[in-house]
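Dumping the structure here so I can ask a few things about it.
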Amino acid sequence: MRAHDFSLPALRLNLNGLVEVLSPTHLYHWDIDSFGAHKQDMNMASIDEFENHVWKDVIPPDDLRLYAPYARQTFVGPSPAFLAIDLYNSAYRGGPRLPVDLDREFPNSCGIYAHRAIEPTKRLFAAARRARLQTFYCTQETRPLNRPHGAYSTRRDLASPISAAELYGIYHEFSPHPSDVVITKQRASVFQGTPFLSHLNLLGIRSLIICGESTSGCVRASAVDAYSNGFHVTIVEECTYDRAELTHKVNLFDLHHKYCDVMHLDEVVQHLDGLAEQRLAPVAE
Amino acid sequence: MRAHDFSLPALRLNLNGLVEVLSPTHLYHWDIDSFGAHKQDMNMASIDEFENHVWKDVIPPDDLRLYAPYARQTFVGPSPAFLAIDLYNSAYRGGPRLPVDLDREFPNSCGIYAHRAIEPTKRLFAAARRARLQTFYCTQETRPLNRPHGAYSTRRDLASPISAAELYGIYHEFSPHPSDVVITKQRASVFQGTPFLSHLNLLGIRSLIICGESTSGCVRASAVDAYSNGFHVTIVEECTYDRAELTHKVNLFDLHHKYCDVMHLDEVVQHLDGLAEQRLAPVAE
Amino acid sequence: MRAHDFSLPALRLNLNGLVEVLSPTHLYHWDIDSFGAHKQDMNMASIDEFENHVWKDVIPPDDLRLYAPYARQTFVGPSPAFLAIDLYNSAYRGGPRLPVDLDREFPNSCGIYAHRAIEPTKRLFAAARRARLQTFYCTQETRPLNRPHGAYSTRRDLASPISAAELYGIYHEFSPHPSDVVITKQRASVFQGTPFLSHLNLLGIRSLIICGESTSGCVRASAVDAYSNGFHVTIVEECTYDRAELTHKVNLFDLHHKYCDVMHLDEVVQHLDGLAEQRLAPVAE
Amino acid sequence: MRAHDFSLPALRLNLNGLVEVLSPTHLYHWDIDSFGAHKQDMNMASIDEFENHVWKDVIPPDDLRLYAPYARQTFVGPSPAFLAIDLYNSAYRGGPRLPVDLDREFPNSCGIYAHRAIEPTKRLFAAARRARLQTFYCTQETRPLNRPHGAYSTRRDLASPISAAELYGIYHEFSPHPSDVVITKQRASVFQGTPFLSHLNLLGIRSLIICGESTSGCVRASAVDAYSNGFHVTIVEECTYDRAELTHKVNLFDLHHKYCDVMHLDEVVQHLDGLAEQRLAPVAE
């Protein structure tokens, strides 16, 4: 069916020199405002579901009314890449317990919140790889002579008995593939002091699908930078976490209204499976 | 004569080529970690007061315990500049009422929260000008042909019956002086797509004192960028506001623990008055 | 003919989520290294012509031998935008005379070199507009309170009897259209302290066609930033100029070998006319 | 006691919150335009010597006349750091021969020009270390999974039989010390996609002393970025080199007039020795 759409010979270049094709594929090259009659072809989340997210139980009704004008359909943007933020060992140390009970022995572990996200994140990785998205990871820079004293992601200066390389290695469930790119950073945002932005431009990436931690730290800083640099951003709710629930929820609320589309795992996986199917479509003769 | 001044033993250069002088002034040129015995000379807020801020009533006790390792003395950093974020007319429209009651007629007004901050902000401006700090403002870019469709600070796309120039002019209580610099921006952070960072470097600025709105929008985005770019950041609690209280409080909490020193107006004014006094000291022969 | 290629139904998504089409159009979405058998479909300049440019008469033969490994086909990249650098009145003042004879009365005028480029640049503008490329201009920032003392494009600090707004207005032959974007900058590069990069990302732009002045100043700084940020850059030789010939030629030589494709006006116009033709092609049913 | 030092009338804060001291030291905290009567205290190169540099024999007299208005005293700026650009093994391979004779076997070697600069560069390193400047190196990023295909410093794509880690290790004569910082980059400029700028801000650095290679590549790109980001830049002529003489000379000419102070090794060493002496001055009680 998609394959059939695909054989339609309807092509031309749009104002930005991007191929325009009258098929769902083509939507990836249109500005959201120019979707017109093609909207129904996309996996977009209904405007009625705009506030159907994890923050529902903490945002006061008056604040939801105040933010009502931000309501819109949410979607995965054109030419997406997949970004997994700070899925390093340190976030999982101590197992699925409350961070407050782990912090003394395992500082900065996300404990239960990290472990709760493992299965959903494995589903997301599988879908992103089926759709052959370029996958980026980021983690802390740990090599020698890499920074002067004081250049840290946050004001918390951690001393640790175990090696930084071990703390900041990617968690075994999400090991990088040879075609992936791992960005090492010294600050919260994956854009700050790294070549990430130039890589996105080089590859023609126009939007990001983001998962990882922490919602209020590296995820928020990276997502705001991505939006402000001109990219569409989708954050996968079930695959994003923090060390405290209120902070997690209020930050997702801020991001969803101001900068990003917070979407549910099922919505994003459905969209990625659509891309995967198209990419497997045989080339017509 | 010069040579004699030059041989004054109260001076030498430190590793970064900054003047080291055995006086509180000099501390402004030391890294926080090298204060040592000089700490008592600074106007720093006690570590015991680290959580004595507006978020006290909304952050759960377990989360405060979790974040306890971030506690530290707070202070105004070396070579500070003063940054007033988005103090434009739009934030004050409709008067001191609840934003939720104003939004239909005056979208994005901060209403009561903006008006509540006017008197404290006037005190802060007066102290910053007495101390002869370089003052920066930022506001929205409004001139013709300045951007393509879609380049906005947030996902909320506003249409307004009154002119953008009027909406985004600086509020009359805080009109710029001829020596001030006004940064026009298209995104949330004052650093994003503007010459602000190069100006700070040119002037030898090493830290920022920030006030304005919104806490969860332009203030947070700017403060995180400032920290991540190597600047010390002080946010003045009573002079910073948002459109919703929970969002305001949780964002200040995040900023205080991860990136900035949220301080009270009295503490910052006391520090600025110390600077002003030094600057008025006559030069001896 | 192109239109016929266009009706080929061969589509699929590539790894970056970009449409792949077995037609010249499609090449715009392939990395230069993946062109393979399709190269002949593009308007590329032959590798044999790689050094057939204005610098031929100043670069010593040994240096040309040294740089021989850089030889490659040159081309206009995918999803191009058109960037006209510093085509402001100041560059044309005093008429078509040698800058050295004009500098006292008209400091920084490019004189004869600016006027010599007017007709070719008009041809380039016409072709870019026919192809419906997004057009960007840049010029100096001149509004009040825009910078502290010392923030200039170069070390030459100019005082002028006539207004900056007049000096830095776009030259009448190249007046912007309502859909164009004019970037105002304080430094040499159009990327430095401006929202230009975020605009390119927002629009899905992947390469630039550059003209303007000066080759050794704003053109070089902008072209190097574009390349280093992941964009393909084409500089149109006949539409680029400086105030001194040796400097102009050696800078074009550097740019061509290290960062950009310096191409002749005819090659670029031919390519743009190909795009224009495609965009006028009717959509097949 | 502190109070007494504090009341020394030789100090006050200037507009930027920097210590003002009536001694040459203090000049490091003044804008070049505010030096006034203090100029004679600095190690500045005379305006009469402005064109007394390596480019004298290639720049035509008319061009020197055209650029005469750029003439000014040159100097090392305030709070300097030392930056050694791309002093990696690859630049020295094949020994002190002409690059054109080495390129086939040792692509991108600077041969004779690299080796000619070894002794002067050792003198510069020694002076910078005596003055206890923060030293930064940069070199190519070589670790696995660090970039997508196509993200290179220049358009020349090198395949090499020997390991990248070996090619891009710092040359043995200039091995980093434990307190140095080594910036790994993927593009020409040390600022592009690296945390270098945030480190300079964190350390209060206001100017750079630059040496290394290549003049027309990484040195020029880095120096222009430094100037455009608000730093004063001094390039040490005898310690900077390229693969071709004309390119080297014209690029130094451009940098000197537009963005930087190109100075001679003796001038810079004399200045650094002045800093070293001050830092050894005992602190009186």
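Annotations
Letters A, B, C and D mark the chains as written, and numbering starts fresh at 1 in each.
Operating definition for what follows: a contact is a pair of C-beta atoms (placed from the backbone, for glycine too) under 8 Å apart; a residue touches a chain by one contact, two chains touch by 3 or more.
For clarity, every value in this text was computed on a predicted model and none was experimentally measured.
For the pairs C-D and B-C, the count of C-beta pairs in contact is higher at C-D. Looking at which positions face the partner, chain A and chain C present mostly the same ones, since more than half of the interface numbers are shared.
Centroid to centroid, with C-alpha atoms defining each point, chain B and chain C lie 39 Å apart.
Between chain A and chain C, the centres computed from C-alpha atoms are 34 Å apart. If you average the CA atoms of chain C and of chain D, the two centres end up 30 Å from each other.
With touch defined as above, residues shared between interfaces to two or more other chains in chain D number as follows: 134, 150-151, 187, 192-193, 197-199, 202-203, 228-230. If the chains shown are joined wherever they touch, the resulting network links each chain directly to all the rest. Remark: chain B residues 134, 141, 143, 145-148, 150-151, 176, 178, 180-182, 185-187, 192-199, 202-203 touch chain C in the complex. In the complex of the two chains, the chain B residues touching chain D come out as 2, 5-19, 21-26, 28-29, 38, 41, 78-81, 131-134, 197-206, 228-231, 275, 278-279, 281-284. Chain A meets chain B in the complex at residues 31, 33, 58-60, 62-63, 65-67, 69-70, 72, 98-100, 103, 107, 149-151, 154-156, 187-189, 192-193, 216-217, 221, 224-225, 227-230, 243-244, 246-247, 250-251, 253-254, 257-260.
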